[in-house]
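Per-chain numbering from 1; labels A, B, C and D assigned in written order.
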Amino acid sequence: MVQHVGDKQAEALFHLVDAVERATVLGNTTEQLANDGDSYVKTVAKRFMKNKLAVISLVVFVLLLLTAVFADSLSPHPRDASVGMFQAAPYDNFLLGTDDIGRDVLTRLIHGTQVSMIVGFGSVLIYVIIGTTLGLVSGYFGGIVDSLIMRLTEASMSFPFFMVILTLVSLLGSGIWVVTAVLGILSWPPLCRLVRGQVLTIKEQDFVLAAVATGYSTPAILVKHILPNVLSPILVNATFGIATAILTEASLSFLGVGVKKPRPSWGNILSEAQSLRVLTSEPWRWVPAGILIFIAVLAINFIGEGLREAIEGERKS
Amino acid sequence: MKKYIAKRLLTAIPVLLMISIAAFIMINLAPGDPTNLYVMPDATPEQMEATRRALGLDQSYPVQYMRWLTRALRGDLGISYSTRYPVLPILVSRIGPTVALMGTTLLVSYIIAIPLGIISARKQGTWVDTLLTGGAFIGVSIPNFFLGLGLIYIFAVQLKWFPTGGMLELGGNASILSVLHHLVLPVAVLSTFYIANMTRYVRSTMIDVYGENYIRTATAKGLTKQVILTRHGIRNALIPIITIIGTDLPRLVGGAIVTEQIFQWPGLGRLTILAINQREYPMLMAITLLSAVVVLLVNLLVDMMYAVVDPRIKYD
Amino acid sequence: MSTLKKMLRYSVVLFASSVLLAACGGEDVPDLEDAAVEGSETESDDLPDADADDGDTLMVGLTNAPDSFNPFYRPGVAGTWVQRFFYDSLLVMPTADSFEPALGSLETEDNQVFTVNVHPDAFWTDGEPVTADDVAFTLNTIAHPDAETTLGPNVAMIEGTNDSGIREEGLDELPGVEVVDEKTLTITTKSPVDLAYISEFLGFGVLIAPKHVFEGIEVADISNSDAATKPSVFSGAYQFVEYDNDNYVHMVSNPDYYRGAPEIENVYVRVMNGTALITEFQAGNLHMTAGGGIGMVPVQDIGLLEDIEGLVVEEFPSFNGQYMIINNDTYDNAKVRQAFAHAFNRQLIVDNLLNGRGEVLASTYTSATPYKDPDLEPLEYNPDLAKQLLEEAGFDFDTPIEFVVPTGNAVREQAGNLIEQWLVEIGLTVNQSNYDFPTWLAMAQDLDYDLGLMGYGHTVDPNIATYVQTGGSSNNMAISDPVIDDLLAQGMAGTSYDNRFPIYQDLQQHMQDEMPIVPLYSDSQFGVKVDNLNGGIKEYWAGSLHDLHEWSFE
Amino acid sequence: MTNPIVLDVNNLAVSFQTFEGDVKAVRGVSFQLKKGETLAIVGESGSGKSVSTKAINRLLPVKNTLIESGEILFEGKDLLQLSEKDMQKVRGNDIAMIFQDPMTSLNPTMKVGKQIAEPLIAHIGLSKEKAKARAIELMDLVGIRNPNEAYKRYPHQFSGGMRQRVMIAIALACEPKILIADEPTTALDVTIQAQILDLMNKLKKELDTSIIFITHDLGVVAQMADRVAVMYAGQIVEVGTADEIFYNPMHPYTWGLLASMPTLEVGKKQLYTIPGSPPNLLHPVKGDAFAPRNDYALGIDFVEEPDLFQVTETHYAKTWLLHPDAPSVIPPEEVRRRKEKYQTVRMGKACGERIGGGAIGSGG
């Protein structure tokens, strides 16, 4: 029957495999298994890397981040200095032209990146801390604490978010740090709800119950056992959060209540296009800023989506 | 049901009260004296005092708040600092344009987005889906003020197809046609986001629904795709979609701030900016309160919609 | 599904009605006959065309919303300007140095007792005659201690008022205002004054209010009353119809106007931003701008208006100037203050930011006023000298200078950035911060700044006491200079141009030497109108409406 | 077997595309279903039993499923080649399904009666009223009390057992030729389970329907099946009549399954569990997929996939143990006990005796 196997070999094959032998064979398999039994992070990273769009976006985003960090050395000119002709189209080493008072538009865009990244990361950091803490507490303890936090969450989530931010920022006196703080302090509710939901399912799982039974302190359980299991959704939420924060900051600055001039932000650079002259005859003053916001936000959204898919294991089709 | 609605409306009262207090504190935290905006730069202290008195800013904060509250309960939301016109009619006059703008936007968006989302979900993985989801990503990522400026540049300035802003032609005809003509660009800008957002949402909801066992049951019954979609898919997908509509609706109040500003649309968003710039405190209070009321009503409406769509939900 | 359908149908209805609602908001805007005329003309085109108008509607563009229709309380320029359509003053000012009688005339023998003769044919639109009582009532109300008014300075010369124009305690009425008969009254001033001064401030600056409308209202309540916010009785060429908040003011002609019925039937003063102003002109929806900083595109965009065919754009010098205000407490050394002036390339601001449409200021007086000293040159741009002066003054270059730029005026913000750079170039350390106006004003009043930018609008009369006099109400610079105070007092005591001009010449020279405030630039005013409009903005902007009733379309 | 074959599945292979690669969920499955018989397919979860049956009704997600090979012949047509439209005419009409989870398998926003009436309208073309009347009859047939009332209720107003009855009513509405029941009782408690199984047996006899019954529970198989196919790692490793599988199993995996089946005799004694876990089908399987878990594995099991050896006319098993060269091994005690019983049965059968819980009614 096993024609392609030689008789002698065949004979050799038809013996019962003993425990030791099987262990060796199984050993091979376990090794094999170890390969796809990569650590969780590695698996997610691997899946993420398969998403071309997300990877390109990540590269774009890292470039923007580097631009923000090294803004001073990357800028061809000083940030607020009038160094060129006034309102000039791109010329010489003013690759994107100059504005009303001869400042280099490219330089200002580069520094605008800094603003976007500070507001993006800063506010997200703040709201992740608030949202995660409240979500953990709310989900884990339940009861009055939970319903109190949830009421607060619902109330603030249903409010016209941008209107409140706009009012607060303009009344508090705008500026990059005010924008960051207000955005951070007001953006936590969705994350809080997300974390709470996750905690509710996780806390019923065996390993948590075991930890409780073992007598671990509540903070220890929250931080060591529950937190690591909610990190992925937080990460995804935070990624999208950066995009939202960047957009919100740009909108506020566009309306003139965000980042205070003379500090350049993509939004306040774009706001100059509300002048018909700039809009129609000086496109270099506003189109690049708009495109930059768009690219940054799009890139972050793609990264977020890539992360989400990688974490949820959904096949990218 | 009536009892439930009554209960909900009753519980809204303390919430509104809290919001009004919070808004009052927030507004009065602002540095600078609004009186400065309403006197000549060389005003004497006496003149300042007279204006402060006329604006009701001469009292202590608790007294100011109580005075505001007692008047508000009688339907008097105070006066505009600049024109001294009662706030309420001004506010009311801005509701129409904003509702027209946002209503059109949401309607157009949903009419476009819901079929797109369904198509995208049904064609999951095909180039149609890739195109639609890609488009949706672009739609949610493009800043509306950039898009607005771009559209103004192309369609209003260069092609002159649409006006750059405003809602009506004065002294000419103020027909619905004219309003629609003015609506096109701002609605295009606003619906870009809403279409993109809703398409994504409908897509993922439909994918979720199509993963549900009852859809498998329906398929196993041998129903046609059309029947499965309309009788089993959409109605169940509506439940989560209502939630999203519920978050979209409150934006009727202030969601179009940037777009109203760019297109000079005489709605609540622009009124908000005006009120902020002019430190029109009673106006800001009124807008905040209005949005709170809208939110509470929309939430109630959404919960009632759930009951209509989902037989599992009953309010007693 | 049936519920769904119902929901859908309902939402469609809701939507349709909301659009209707929005449309209806404006449907009652044009008058019926007006709509009929327009309707016949615009059948094929939705956009009304201002050029094709048969001349009974004037569309005026305004960039600042009018704030007040109260004749006693006019904090904003836009409100004041619009009020002149329907409330007349005693005098009008065709030019900066000429006055003509309107609702009344103002005459004096001794520069202290002034006789007002109210126009014999002047009637309120409700049929009541305009009388001397109306004038006396208006002046007394302004001076009333309970009044919320911005016009105190306009009546502060009258006997019985204090420096702020408020009636002295213990008086029930101003002793300086005496009604002689129905159409005559006399006004007595505290001391002799220049006729031009009282003519500008009282004769032109005060709009006469109808006594019979306002007398029943408590003085303190006037500003919030309907009589003030929705006026109904008028003396001017037009009658106020309605104000659609932040959108437009509609006015119709007063056919019984005592100076002759206006040619143009309807006036819409429309509120819009600078961009819309340009595009509305391009679309032919506007006939003119209000000009004067309340109806003007930014000076850099003027070129766009000049490119529009059929539009006349005229440039005039302005009374408004931009200044760098200095905290004189912090910088009490004149050399330091002069150094600032030398550090700034003000000509560059005018040439580049204003495209040459403006002037560098040598003093607080612009070339629009006859009191500007023609021989005084601005301090030259000389950074080296600036540095040298600072070193001579022993200035500490390392202490950061708090420099505040108010937002809201694009050119001023740009100038602020240049100024910061110029200060840095002479070796100073500068912290620039931008604030909205009320915040900045509060800071300035508290002297919570080192340097800052501020704009001032001036009257034709050269008195600038409120800004630079010790303790002046707008003196937010801690200026306390006995020489200035003395010169200002002398100036006010003068009763004619000839004897006042040399005093203000001295003041300008002294202020350049002491430099308590750095004059920067003044941007030009523009009159923009369609070429077939007979009328529009004049060189003396504030007086532009003096011949309003004669405006017409050719 | 004199009964005609109603369904013939040949060499079916199905794979799923995932992030990590293709998972070969079904690897060459062939079986036949005869008219009126109940074929049980047993195996651990992930063995491919559910996938193979869903493939019959083409219910697998289109997006990431690949039918690599095979044909499914029903009334002479290859179902895999039918257009979606033609397939719709087969589903619910000729081939109906009952699913594992009655709690989620009904549309929560539609009245149950309408859900039963739907296929009647779609396939038989009944009018709304007639469909309603028939649906009420069906509800009565499957033992739902007050069917007139129940027609108007929503699924959440029913218990799990009642919902499964609704599911059965839906499945039987058009009197299908084949009923595929995919673990229909797993989610139900034991008493309800027994009622449902009784109901299915009863209805099967009444309607003369062929049933493919998927389960991991051999106890259920004993109550229902005429024939049994045992699946492991995407393949049928042993197939035979219920008697043959229960009392003369040949495949070590079947031995394991039987040994791990709770019986009255074993009582509270610790149940046997097959060591290890099924192979990851993402990777190509070398040799016998069961080998690593097989106490009786031969050397060749790690090298070469076994052939399907025929034991009797109806009984086949895919194990090298049946190769003539293979050493004879002693099955576990439980299986030995069963085999002994089988001998008795064979003898007893000659005398017309019956064994088992009515499971072998039409066997042999």
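What we mean here is this: a contact is a pair of C-beta atoms (placed from the backbone, for glycine too) under 8 Å apart; a residue touches a chain by one contact, two chains touch by 3 or more.
All values derive from a computational prediction rather than experimental measurement.
Undergrad: Any chance you could check whether A-C or B-C wins on number of contacting C-beta pairs?
TA: Of A-C and B-C, it is B-C that has more C-beta pairs in contact.
Undergrad: At what distance in angstrom does the C-alpha mean of subunit D lie from that of subunit C?
TA: Centre-to-centre distance between subunit C and subunit D: 90 Å.
Undergrad: Using Cα averages as centroids, what's the distance between subunit A and subunit C in whole Å?
TA: Result: the chain centres lie 51 Å from each other.
Undergrad: From the C-alpha centre of subunit B to that of subunit C, how far is it in Å?
TA: Each chain reduced to its C-alpha mean, subunit B and subunit C end up 37 Å apart.
Undergrad: Using the average of all C-alpha atoms in each chain as its centre, how far is it in Å between subunit A and subunit B?
TA: Here the centre of subunit B sits 26 Å away from the centre of subunit A.
Undergrad: Which residues does subunit C have that touch at least 2 chains other than itself?
TA: Residues 273, 275, 279, 436, 439.
Undergrad: In subunit A, which residues are in touch with two or more of the other chains?
TA: Counting only residues that touch two or more other chains, subunit A contributes 170, 173, 274, 276, 279-280, 317.
Undergrad: Note the residues in subunit B that touch 2 or more other chains, in rising order.
TA: 31, 124-125, 157, 231, 235, 277, 309
Undergrad: Can you identify all of the chain pairs that touch?
TA: All touching pairs, sorted by chain label, are A-B, A-C, A-D, B-C, B-D.
Undergrad: Mind listing the subunit D positions that touch subunit B in their complex?
TA: Result: residues 57, 59, 63-64, 84-85, 88-93, 96-97, 99, 101, 104-110, 115, 118-119, 122-123, 154, 156, 167, 170-171 of subunit D touch subunit B.
Undergrad: Across the complex, what residues on subunit B touch subunit C?
TA: 31-34, 36-47, 50-51, 53-54, 79-80, 82-85, 90, 93, 96-97, 99-101, 103-104, 107, 156-157, 160, 163-181, 183, 230-231, 235, 238, 264, 266, 270-271, 274, 277, 279, 305, 308-309
Undergrad: Which part of subunit D faces subunit A closely enough to touch in the complex?
TA: 17-20, 63-64, 280, 282-283, 291-292, 296-304, 307, 320, 323, 325-327, 329
Undergrad: Which stretch or stretches of subunit B touch subunit A in the complex?
TA: Going by the criterion above, the answer is residues 15, 26-27, 29-31, 124-125, 129, 137-138, 140-146, 149-150, 152-153, 157, 246-247, 250-251, 253-255, 257-258, 261-262, 272-273, 276-277, 284, 287-288, 291-292, 295, 298-299.
Undergrad: Could you please specify the touching residues of subunit A with respect to subunit B in the complex?
TA: 155, 157-160, 162-163, 166-168, 170-173, 243, 247, 250-251, 254-255, 257, 267, 270-271, 273-274, 276, 279-280, 286, 289-290, 293-294, 297-298, 301-302, 305, 317
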